[in-house]
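The chains carry the letters A, B, C, D, E, F, G and H, assigned in the order they are written, with residues numbered from 1 in each.
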Amino acid sequence: MDRIWSIYLSGEIHSDWREQLEKGAEQAALPLRFTGPVTDHATSDDCGAEILGPEEQDFWKDHKAAKLNAIRTRTLIADADVVVVRFGEKYKQWNAAFDAGYASALGKPLITLHAPELTHALKEVDGAALAVAEAPAQVVAILRYVIQGRLN
Amino acid sequence: MDRIWSIYLSGEIHSDWREQLEKGAEQAALPLRFTGPVTDHATSDDCGAEILGPEEQDFWKDHKAAKLNAIRTRTLIADADVVVVRFGEKYKQWNAAFDAGYASALGKPLITLHAPELTHALKEVDGAALAVAEAPAQVVAILRYVIQGRLN
Amino acid sequence: MDRIWSIYLSGEIHSDWREQLEKGAEQAALPLRFTGPVTDHATSDDCGAEILGPEEQDFWKDHKAAKLNAIRTRTLIADADVVVVRFGEKYKQWNAAFDAGYASALGKPLITLHAPELTHALKEVDGAALAVAEAPAQVVAILRYVIQGRLN
Amino acid sequence: MDRIWSIYLSGEIHSDWREQLEKGAEQAALPLRFTGPVTDHATSDDCGAEILGPEEQDFWKDHKAAKLNAIRTRTLIADADVVVVRFGEKYKQWNAAFDAGYASALGKPLITLHAPELTHALKEVDGAALAVAEAPAQVVAILRYVIQGRLN
Amino acid sequence: MDRIWSIYLSGEIHSDWREQLEKGAEQAALPLRFTGPVTDHATSDDCGAEILGPEEQDFWKDHKAAKLNAIRTRTLIADADVVVVRFGEKYKQWNAAFDAGYASALGKPLITLHAPELTHALKEVDGAALAVAEAPAQVVAILRYVIQGRLN
Amino acid sequence: MDRIWSIYLSGEIHSDWREQLEKGAEQAALPLRFTGPVTDHATSDDCGAEILGPEEQDFWKDHKAAKLNAIRTRTLIADADVVVVRFGEKYKQWNAAFDAGYASALGKPLITLHAPELTHALKEVDGAALAVAEAPAQVVAILRYVIQGRLN
Amino acid sequence: MDRIWSIYLSGEIHSDWREQLEKGAEQAALPLRFTGPVTDHATSDDCGAEILGPEEQDFWKDHKAAKLNAIRTRTLIADADVVVVRFGEKYKQWNAAFDAGYASALGKPLITLHAPELTHALKEVDGAALAVAEAPAQVVAILRYVIQGRLN
Amino acid sequence: MDRIWSIYLSGEIHSDWREQLEKGAEQAALPLRFTGPVTDHATSDDCGAEILGPEEQDFWKDHKAAKLNAIRTRTLIADADVVVVRFGEKYKQWNAAFDAGYASALGKPLITLHAPELTHALKEVDGAALAVAEAPAQVVAILRYVIQGRLN
């Protein structure tokens, strides 16, 4: 029975990089289980107030949501064999960088995925990564190589 | 002999928040040792190339610098009793968020320091913090309370 | 194959909150395994003396029982992905708070479940929790959100 | 140079047991450093709102205070060689039991201190302790024995 | 699917206590997997010399055997949910006490099994145990209680 | 269901020792899963440049490859029950020794496999091993003994 | 300032090996701090009953004493750089073997000290040790070598 | 009071790189404590036989020496803030690579020091390092930068 590798996909939620990556992995028939945060933006923002009751102050609404999200993200990152963190062009994406630091301190192999324009801003994060990729297909190729030892 | 608390100050390097915080702590005569990253921007960017030799590609120049910086930052964060992370108005500041995640995974008590405008963007990071402050003086007050049990 | 989440249910044994929670999870078809302490009060009190021999002093009778219970509770808490701790209206329930502290030090995501009247008395415990719920249905909703990313 | 033992004193804040214990230790000239939570009740309740700003809802006022207290208590418990937890006659004292569980999961030697009437209610907590004492003088005697190997 | 509990049986190899315990567990239909050291005395003594070549000095013959045994015992103890250590009437049985200490430092729940005559000599080992039994049937009863919450 | 032991095979890639070992284990019907580094030399050298883009400097080409290899090797070593490290006659084989040190610090049982001529040069590595073998058949015999308690 | 090495001396309490070892270390002017269990036999047996109250049953008297002793021994073993365990001719000395296992699981360098006659009985314990000595003077020589790199 | 950084110097013992490095650090007045293995080759080979008695077989002579050396090296590596590993032109130097792997698994920042000719053979080791230097003066410069944030 093949070892199933668990891959956590952190970061950008407004492009289809996760789908590309998952499709590529499926085509390559890699023994992978993908996990990640809740990627529906509104749901991720509202979950705390929806489930535990509304808040008058945005700070506490966000706080309750963030903690519910943490139950998921910390559990799945701790569970992962490899953590991939995608940085897109927009937004601050501090939670992506937070996840990268969190995974790094747990000793998880880290792969970052971003455009070359972000290189300087991400230098400390990339410095902690075992690979810096620009395209989802490269991440698929890395996982194929790492798991099966093949370059194609 | 008093226990000396070690406080790591991560994040923004283009304002004087560290000086404010250190001055406040000194005035309150708190038994603190402050540490943090190298805050001279140019030095922090150039250290790798200066010491280990130049690189033609910016990526590797940054990479070498980032890793030297990591020797310092990871050692001092691991050493810290409390980690304070400051997010300013400018720049991506992904290394600040990375440090927050790194400290959090190590179980370090985390204090974030930022303007209320950043609350939503920082919700996951704030969710992992034990205090969210807006001004350096509040951080001083927290440390005084935590260490001496006094509110003033 | 779905990841099975292991949920430890600690605390109050004189109401049917565990049944409510398990029924709700079953109706939502969540991939959960519930564990918890022995909830039969008499059995839990007598197990030590029954199995290992009677004691003249209540202290040692309790002591032997408590240690047998610890074989179960510590193993299953260490095994859990999420720990839910219920505080009821009656009794001291120090073992519930003990379990909350134990789980917290292990880095387990903690959910507390109690009436709002207990908020002040439980402030330190709630402060360590990632969610504070008032009803079992909310805990089910949290687990559905955390595992499946859906609010309903 | 003598090894200084660090002793964390958790629990009851409305009697003078800490003073008794510290005085006894001083008379016995034991090489001890005592630490513990902030024991001024009002300060401990108000610290969050005082430093970080008021809250309309008591829950969040308590939450902010609890987290500031956690910076202190978790750091000092992690630092301690021995953790003593005192349960008094009044109040729920869930934070005392929480601390006991927290210390226990960290592998800290635990001493409980309470009246015999509380034995049954505390059986799980006592089961995790290395000593169950009724009077501060006994704790002093334990520390003298543990550190100096003398019974008097 | 039931959780399978892994139980390591350390100690005495010259009586049939393991068989009694395994038979009792089977009759109670408990979800257990038993592991333990190699219990064939001659094999356990000779394995190093047989596989890796003879030694002129008994010390090194023993040394090679002990290390091969350690590959097995340390792996399986680290893997165990509960460690049972049996002390018989004969021999020094230092490896049984060594295993008890090893398991204890790993935080494994420890059950000792021995005649009451050995109580004083074993006081430190028993002090680290969560149960002290005299007969294999008691260990079966403990495991049934711990896993199924039933006393019979 | 038998416990499957995971065995990581590190070191020499220019002889057929892995095949011998795997064939021997198969003949003995041992419940083993073998893992190891990518053993195709060219692939292992080129993977970084092939997947992530070419480098003008050999140092960075090697660096990128080494880090991709690390994703595989560190994950599988951390996953292993036993680590076998083979030192051949040729090359520096520093990565074999690195793996031995890495595995040793993680507390993994270590078996070294090399010709007697290398004994002195490998003394510190052998000193950390639980067995020092000269032939793959001995490693198979060790695994059979460790897992099944049989010498043949 | 020299690093002070902390050496825990476990085992036999009815001979003067500790004194020999400490005297030898003093003559060699080694930067050592020696720690160990309470070596007064009666005190070590009676401490629980003396401090916490008498017990009718010997088992519980022993139990209370063993746990007080554990506060000392576990703290000091966890604190030690090197653990030396002495096995004498008499008594079962299971606590010595327990300490050896405990120290070993914590990754502490272990030195055993015993007569050659005990070699076979101690083979598993010696197999976990980094040195097996027969005389206190050898332990002093080891510590001098380890700390100062000198053989005399 | 300055934090003293502890720097472990592993590897080559037949050149004066340690002296160069220590002199450079002294000239720069850096707050460092240097540690390392015993660098007298003959002493390091003979220590086991000298202290614990001669062996007829070289394997066991080496084994005894290696284990005494391990008491020193593992303690001091675990103690170090930074580990520097020097690879020279001669000998296999497997213990240097072993130390690098050992330090890496402990999460210690690693600096390698070697001639560019060794780059390819050391690629996996360098891949785990935070800096790859060619001259002792560069290591001094790194330490000055890391500790004092200055490039000169």
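We adopt the following convention: contacts are C-beta pairs under 8 Å (C-beta built on N, C-alpha and C of every residue); 3 or more make two chains touch, one makes a residue touch a chain.
This structure is a prediction, so every number in the text was calculated from the model and none was measured.
Peer 1: In contact with chain E and with chain H at once: which chains are those? Just list them.
Peer 2: Under the touch definition, chain E and chain H have F, G as mutual neighbours.
Peer 1: Which chain has its C-alpha centroid farthest away from the centroid of chain B?
Peer 2: Computed centres place E farthest from chain B.
Peer 1: Report, in whole Å, the distance between the mean C-alpha point of chain F and the mean C-alpha point of chain H.
Peer 2: Computed from C-alpha means, the inter-chain centre distance equals 24 Å.
Peer 1: Between chain E and chain F, what is the gap in Å from one C-alpha centre to the other?
Peer 2: For chain E versus chain F, the centre distance works out to 31 Å.
Peer 1: Roughly how many whole angstrom separate the Cα centroids of chain B and chain F?
Peer 2: One centre to the other, that is 41 Å.
Peer 1: Going by the contact rule already set, what residues in chain A reach two or more other chains?
Peer 2: Touching at least two other chains: 67, 70, 132.
Peer 1: Please give the residue numbers of chain B that touch chain A in the complex, ascending.
Peer 2: Residues in contact with chain A: 58-59, 62-63, 65-67, 69-70, 73, 87, 91-106, 116, 118-128, 132.
Peer 1: Note which residues of chain D are touching chain G in the complex, please.
Peer 2: Listed in rising order, the residues of chain D that touch chain G are 3, 5, 81-82, 109, 111, 130-133, 138, 141-142, 145-147, 149-151.
Peer 1: What does chain H use to touch chain G in their complex?
Peer 2: Its residues touching chain G are 33, 35, 38-40, 43, 46-47, 50-52, 64, 67-68, 70-72, 74-75, 79.
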